[in-house]
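In structure tokens below, several structures.
You will see two complexes here that share subunit A, one where it goes with subunit B and one where it goes with subunit C.
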Partner chain A sequence: MKSLAELQALRDKMKNNMGIRSDDTGNIRVVVGMATCGIAAGARPVLQAFTEEVAKRNLQNITITQTGCIGICQYEPVVEVMEPGKEKVTYVKMTPEKAVKVVLEHLVNGNVVAEYTIGAAAK
Partner chain B sequence: MYRAHVLVCGGTGCTSSGSARIIRAFEEELRETGLQDEVKVVKTGCFGLCALGPVVIVYPEGSFYSRVNPEDVKEIVDEHLLKGRIVKRLLYTETVQEDQIKSLSGTDFYKKQKRVALRNCGVINPEDINEYIAYDGYQALGKVLTEMTPDDVIDVIKRSGLRGRGGAGFPTGVKWSFAKASVDDQKYVCCNADEGDPGAFMDRSVLEGDPHAVIEAMAIAGYAIGANQGYIYVRAEYPIAVKRLEIAIGQAREMGLLGKDIFGTGFDFDIELRLGAGAFVCGEETALMTSIEGHRGEPRPRPPFPAVKGLFQKPSVLNNVETYANIPQIILKGPEWFASMGTEKSKGTKVFALGGKIHNTGLVEVPMGTTLREIIEEIGGGIPNGKKFKAAQTGGPSGGCIPASLIDTEIDYDNLIAIGSMMGSGGLIVMDEDNCMVDIAKFFLEFTVDESCGKCTPCRVGTKRLYEMLDKVTKGEATLEDLDKMEKLCYYIKDNALCGLGQTAPNPVLSTLRYFRDEYIAHVTEKRCPAGVCKKLINYSIIADKCKGCTLCARNCPVGAISGTVRMPHTIDTAKCVKCGACVEKCKFGAIVKK
Partner chain C sequence: MQELSLNVLDIAQNSVRAKAGLIEIAVEEDCKRDSLIITVKDDGCGMTQEQVQRVTDPFFTTRTTRKVGLGVPLLKMAAEMTGGSFSIRSAVGEGTTVTASFARSHIDRMPLGDMAATICSLIQCNPDIDFVYTYRYGEQSFAADTRQFRQVLEGVPLSEPEVLGYIGDFIRENTAELQTNQG
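And then the complex of A and B:
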């Protein structure tokens, strides 16, 4: 390390990995249903796809976590995106491919992927 | 990217209760469930709540699991990390209220704390310099080297009001300015990590949890006074701290944060470790430097002060670990930020090691001026078993006792001196009604008798004689004149001893004589130990009316001092009795009393 600028660049890079340890609740939370029903329907690859895609795109302020069964087992794998100050979006029957699209459209560009939501599936 | 971090405490407390096995169990279990690329296991420094160890925190939820066994790990992985169901039965009970899970910072133990010196302890992996850098590590050194002159640095430290955390409370900025003013071809920066007070372990926790903070601060001090070499004097009894310091120094050198031409500014600085053999006197500054030089650790008279002639007869600065841990943040956040915490003459925060008769044994950091009541009753969770608070001992063998009547004293350097104790390094031992104050004074004096280096007579002979007088008191053989003699001897030792060890050694005796003289007098005139501790002055006896003659006590007495026939009241032969108390514990009828 030969300059302060180099140190600052390293700090900014490392900071992304540490955000998870703060109590800051300003993050967008991506919650994957990982109860027995979710796992049986393939929630694990979906969760992995979210984690990989968020890392690949170097997105900040995103927390990926899991939850239990929310009672709509026929729609598993279920993923909910919770953004502070906005209404919760529930995606259903998710796949790794759909997950990649949700990261790009919803988390990066801020557009809800309406066709994957529970509202669309219920019709 | 990891979606979850599992932080396992790797401080000395949790390590001794098996946290290394827990880390291994997590790694194995995560591999088995295929989660190893999603969940990161991090070994951190001390979280502070040592009484509840081993401690595990899982982020992003921030779930605080306490007293975790290796057998519990599978459940945490299967339930929490795989399915997202927090394992409530293992959560620290304080964080679960009416089925709502509170964040750790909302618990009584943490909410009144203000973590400055401990800010990274339990948060980062101390063996990974990148994690320190992520939390602004080495930014302060960069700022100092590129934007500030040495005089600027000293001015900032002076204005912050930071005082030495090792105990005496000398203003750090002033100390640095003396060393800067000395002209010589070579100067040194030293770190006192020879933490020796019984019951104090905050320096160890800083070194174990955030070693880079100390390294960065020493480089800043080097720049301020014009030194290019630092020494950390750390006791060999702190193997984890030593290992992490070695790793940290190695990583800092590799990254060019120690060594030649740091940040391309032409400033050179390097640090070496020196291991102490654990002599208490080596925590005294002149003895410490003598020991680094390779000689027997004995103090020498001052002046000349170390700022003029210190290590290897060169101008040197010596600061305590906790003092250094504050420096980088003072540089980054400004002296005004630091001075906004604390009292008029004592700024910032102080770390206390809570021990003794208290629920939450561990490390706490609070702003100066916090009352003893807040620390003991709110943060510490009060005294166990419904007992009453009697006194708190601060400052270790150099300090004194604070009686219950002064529990609302705001703790800072000057207030503690005024009531006959001292800050010391920050050990805080809580005592309840079952503690005998004469016995406590004797305990600390026994420590100083052992640890006196023997160079000066007042300390070597004086403390020994003082100990013998205390021993007489605890045996009920002393007279009231002896108490006066003791007091006189105390002042004689204080006035004549060569170094801080001897000058403060009588403090535990003086402060207990001041606040608990009635207890001393009870030992002398009534031959009675009010707390029932001093063995020579207590007797066990059996109340005949209550004794059913079950023979349980007789069978458990290790010396065969209890006799009697079955179903008839038993008796204790006080001449044979060794006062171990085994009979009291065994008796189901409460028939045995201690007087």
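And then the complex of A and C:
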């Protein structure tokens, strides 16, 4: 049985690290579509993959969140990346493997993975 | 939907959109009675009686971006496929309770799947909402309650990956313990 004492230890460890976190400027938002269509198409493992990869690389200033159905159900799982001052990028038919690549190429290196975008899929 | 935990994730999104402050999710397995009961209860805005009657209709939705709403009909179908039942109780201003009962051993009963991933996804994406997940197996049960976690965390956000990892392990380990204790 996992105990709350473990959570207490985790809290103490994290409180020490919270100070070095910078503010919200330049915050990148990764938004995963989590309506019925997205969930049925596999959005939950995609969300998990983004979360794990961002945590593993200890990337700051990235918020991973959800949205509902945006009306392009045939392209689910859909992930939007929103960066201040840049155009929104919409990735479609995502998988956990593609999510890892988007974290590396786009979020870390700043290069949009064009082949996964809706523009490429619609051709 | 390939597993029931995905239906639960989907149904709980309705509670999120109903502006719930507390969402209580329960899974109760009983081998003797051969039942598996899933309940999602919220304190959100609730529905009118007319809405409650129409919500199992796939061509009813309150959304304006599209004409169908499949979440509730899919869960209802999953339950009824096993000879089980489905019900919604709701009152405007009080909240909504969705209950789906399954015949546990029926061949068409989908596996429960990864409830820990469902609960963690919900907590991560909705840091302002409290969740209680109760799992019962026979006589024994445990609960993961974000109100309790928040108290321990003293301001450290629930959505931190390490915290979510702890909550996921908490659910997985306690679930496995209940199941092995009673065979």
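The rule we apply is simple: the second predicted complex is superposed on the first by the 97 of 123 C-alpha atoms of A that agree within 3 Å, B and C clash if a C-alpha of one lies under 4 Å from a C-alpha of the other, contacts with A are read in each partner's own complex, and residues count from 1 in each chain.
Just so it is clear, a contact is a pair of C-beta atoms (placed from the backbone, for glycine too) under 8 Å apart; a residue touches a chain by one contact, two chains touch by 3 or more.
Bear in mind the structure is a predicted one, so any value in this text is a computation, not a measurement.
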Classify the contacts of A:Glu87 with the two partner chains as first (subunit B alone), second (subunit C alone), both, or neither. neither
Would you sort A:Ala40 into first (subunit B), second (subunit C), both or neither based on which partner it touches? second
Based on the superposed arrangement, let me know which partner A:Lys15 touches: subunit B (first), subunit C (second), both, or neither? both
For subunit A, what residues appear in both contact lists, the one with subunit B and the one with subunit C? 1-2, 4, 7-8, 10-11, 14-15, 18, 34-35, 39, 47-48, 51-52, 54-55, 64-66, 68
Subunit A residues within the subunit C interface of the complex: 1-2, 4, 6-8, 10-11, 14-15, 18, 34-37, 39-40, 44-45, 47-48, 51-52, 54-55, 64-66, 68-71, 73
Touching subunit B in the complex: which residues of subunit A? 1-4, 7-8, 10-11, 14-15, 17-18, 20-21, 23, 27, 31-32, 34-35, 39, 47-48, 50-52, 54-55, 63-68
Subunit A partner contacts - residues on subunit C that touch it in the complex: 1, 6, 9-10, 13, 17, 63, 65-66, 69-71, 74, 114, 117-118, 120-121, 124-125, 148-149, 152-154, 156, 160-164, 166, 169-170, 173-174, 177
Please output the residues of subunit B touching subunit A within their complex, sorted ascending. 1-5, 7, 38, 59-62, 82-85, 103, 105, 123-124, 130-131, 133-139, 142-143, 145-146, 255-257, 263-264
